[in-house]
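Here the chain labels run A, B and C in written order, and each chain numbers its own residues starting at 1.
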Amino acid sequence: MTFSVLMQAIISGILVGGVYALIGIGLTIIFGVMRVINFAHGDIMMVGMYMTYFLFTLFGIDPFLSVLISMPLMFLFGAILQKVFINRILGSLPQNQILLTIGLGLIMSNTAMLAFTSDYKILTTSYSSSSFDVAGISISQPLLISFLITAVITAGLYWFLIKTDTGQAIRATAQDREAAQLMGINVKWMSILSFGIGSAMAGTAGALISPTYYIFPQVGSAFTLKAFVITVLGGMGSIVGATLGGIIIGLVESVAAVTISSDWKDVVVFSIFLLVLLVKPSGLMGKSRM
Amino acid sequence: MAILEIKHVSKFFGGLAANSDVSFEMNQGMIMGLIGPNGAGKTTLFNCITGYYPPSKGEVIFDGRRMNGLQPDAVCKLGMARTWQKVRPLAKMSVVDNVMVGALCRTNSLKKARAMAMEQVRVVRLEHRADFLAGGLPIGERKKLEVARVLATQPKLLLLDEVMGGLNPAESEEIIQLILDIRTLGITQMVIEHDMKAIMRISDRIVVLNSGEKLAEGAPDEIVKNPEVVAAYLGSE
Amino acid sequence: MKATNPLYSRHGASTVRVCAGIAVIAALFAFPRFVENPYVLHMMILFFLSTLMGQSWNIIGGYTGQYSVGHAAYFGTGAYTTLILLSNWEIAPWYGMWVGIAASVVLALIIGSICFRLRGPYFVLASIAVAEIVRGTALNLTNITKGAEGILVTDIPVFKIGETIVTDFSSKVPYYYIALVLALTIIGVTWLVQHSKLGYYFQAIREDQDAAHSLGINLTIWKNSALVISAAFTSLAGSFYAIFVKFIDPSTVLPLDLSVQIVLISIIGGIGTIFGPVIGSLVLVPLSEALRSNVISEGLINSGLVSEESGVGIFLKEHLAHAHVLIYGILVVVVILFMPEGVLGYVRKMASKKKRGEA
């Protein structure tokens, strides 16, 4: 295995890692604020993917541009999910919460299967297979663009959480729900916002990844599991952690695929997951500090 | 020989010294009061003694045996049992089943365990609630349940963590009587309590903790007159 | 507030209940004499299998409170071990299943040592991760497991005692009896657990792990004991499934869906109860079959409510069969939101409300 093949894997791993980071950030915000483990996260991403697909095939909107439409729509979707379903079980056993989100995920993916069949859909744009050539390494154009967009969104989210009142209220709720409530923060509203933001992140990640991935109803479950690995690795509730975790997992996956084999890369990822849970379950960035 | 020796026990959490060089001894059959302002490190000490976590420094010697690093279940089997500051009833199980869990520490027979359990249920006067789910009990009865449950483990040393917290005077009086009755059974007790009158009545000796350190030790009337102790309590208000 | 399900019944099971139980069991044993329809027998077998799977999970999930959503790992281990031994070395499944159990127990102990340090949701996640690792391994160790292709067996060896042939597995009847015995066994084991020190300790761990620990309960030993029992019987279910259906692949015996279904059986019926999974199976098995076999869509069409040619009719006919997982999802959501204690819990709540109303 040559150096350039390895470099190739590293670069594309990092680029994909950016999108993974976005998924992880969404999940970690939801956990940070509501302590809910959202097992429907990947399926929410799937909804984003289909949304992007139809915006492209029906209206000709470029997938990266359509983020401007799909992000707010996915935010709304998440907010509604929270208000109607998740809100009711915020006090329940964590096991029941997970089961509820698993159920919601099953509903989403199987409704998609009924509605759109399990046929793999492919979204091909004019630049889907284009790449830049840098020093003998080919960098996929769509991956690069999605990485850049991810960086912008992450920066924007960071600014929102640190500089705005609402953002700080969300962080306060994540740190200590009771204290936040005593300070007059409407924690119910914070939960809705967080689930909305988390879903928007997931949906956007789906949009960004749609020019380079097959789109089918079951695509979500693999991403849900990956999202968990990322957030646990990074530290549940930490955005920086999720960003780091996403890139690391993207790297590991990519390098494992060329060094070991692409069949075993999932096993590698899950093994790392178990290792983290055993050695440092609070992850790279430690406990919930957004 | 002392039944319990606390030798220079310290417990650090990161940079915070929750317990700092605490030493004292307890003789069999005595009731020791452990007092101090909030955050003094009393529950931390309980946790170190009972194996919830090991002390960072120092030794815990129970019945001549070094207890550092032993798990809570081993500690219980060796004869040291504790109640919790925030009660922990096994909510979906009945009162008598709760106490049976304690009794099963000493026997494998359900029949014997039930008999042992009912005895303790009677001691704390909860017979009328025997088949009620623990989760539905009011706080006073939950506290009594917790005492019955640890008594069923046949402890030599009982550590009670604010067992009177949140109780009305009548309930507190019941608990005080209970503690005195337990002494007649020969069981040694360490009692964390904020109710000063109660502590004065039941304790043979008192240890005062403040900011993780042992501030004073002595008979109740000595402690009450100790100016440092008074300052510690007044200062914490 | 009164304990409606005291662990230790002072009076023992009432005579009426015991007699009714014996009558039901006798009826179930006599059933194939009177009903020969293979489809009906098939349904009963599925019901027993579902009960076996649900009850097994219930021991670690319902009683001990450790929600494993990765039990497919044990099911698949049992299934694969049995069929690999059968198809490669012609080892009969009644021996192979024991190897499967051994393998699953080892797997359970490994999983336990890794996952039991984790609490609540982290444990759930870890159990899922482990099951996915097992599935990934089965998919990729193609030399042994034939990967995605799966393993197909055509003949089950004849079961003999001495020189007498007991069965050649050519009809559903032997499967019926095996499944029935397995289901009754696990129900019996559950009863034994509940009425023993195990039951008390498992439930104490579920209710408050730290309190249990401080009362002399060695968490590692007891949690692993529950998991081992649970894994062994789940493995048996997998072995049975393997020789019943005679074809397995990673997507049928090891997927996350299956783990979710296993949990669902107990959740619907009532976790931590002896008969919860039975009730859950009574709900899920007919429902699943009704969807799979187009009974519902045909019923709607035949009754005239829906026209066969209409869009709705065509949609139903083509798709309802695939909708059973969707229905599972809806069921999970509905049960968690409105009946988290399952059917049994709900019924008990209503019954005690009625009692209080009348009192």
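In the analysis below, a contact is a pair of C-beta atoms (placed from the backbone, for glycine too) under 8 Å apart; a residue touches a chain by one contact, two chains touch by 3 or more.
What you are looking at is a predicted structure, and each value in this text was computed from that prediction instead of being measured.
> Please indicate which chain is farthest from chain A, where distance is taken between mean Cα coordinates of the chains.
Using the mean of the C-alpha atoms as each chain's centre, the farthest one from chain A is B.
> If I average the C-alpha coordinates per chain and also across every protein chain shown, which chain's average lies closest to the global one?
That would be chain C.
> Approximately how many whole Å separate the CA-defined centres of chain B and chain C?
One centre to the other, that is 43 Å.
> Just curious, how far off is chain B from chain A if you go by their C-alpha centres, in Å?
The mean C-alpha positions of chain A and chain B differ by 48 Å.
> In whole angstrom, what separates the CA-based centres of chain A and chain C?
Going by mean C-alpha positions, chain A sits 33 Å from chain C.
> Would you tell me which residues of chain C are touching chain A in their complex?
Residue positions touching the partner: 65, 67, 69, 114-115, 117-118, 120-122, 124-126, 128-130, 132-133, 136-137, 139-140, 256, 260, 263, 267, 319, 322-323, 325-326, 328-333, 336-337, 340.
> Across the complex, what residues on chain B touch chain C?
50, 52, 71-77, 81-82, 84, 88-94, 96-97, 100-102, 104-105, 108, 110, 113-114, 131-133, 136, 149-150, 153
> Applying the document's contact rule, which stretches of chain A touch chain C when the two form their complex?
Chain A reaches chain C through residues 37, 85, 88-89, 92-100, 102-107, 110-111, 113-114, 221, 225, 228-229, 232, 261, 263-264, 266-267, 270-271, 273-274, 277-278, 281.
> Taking the touch rule as given, give the residues of chain C at its contact with chain B in the complex, in rising order.
Counting only chain C, the residues touching chain B are 1-3, 6-8, 195-197, 200-201, 203-204, 206-208, 210-219, 272.
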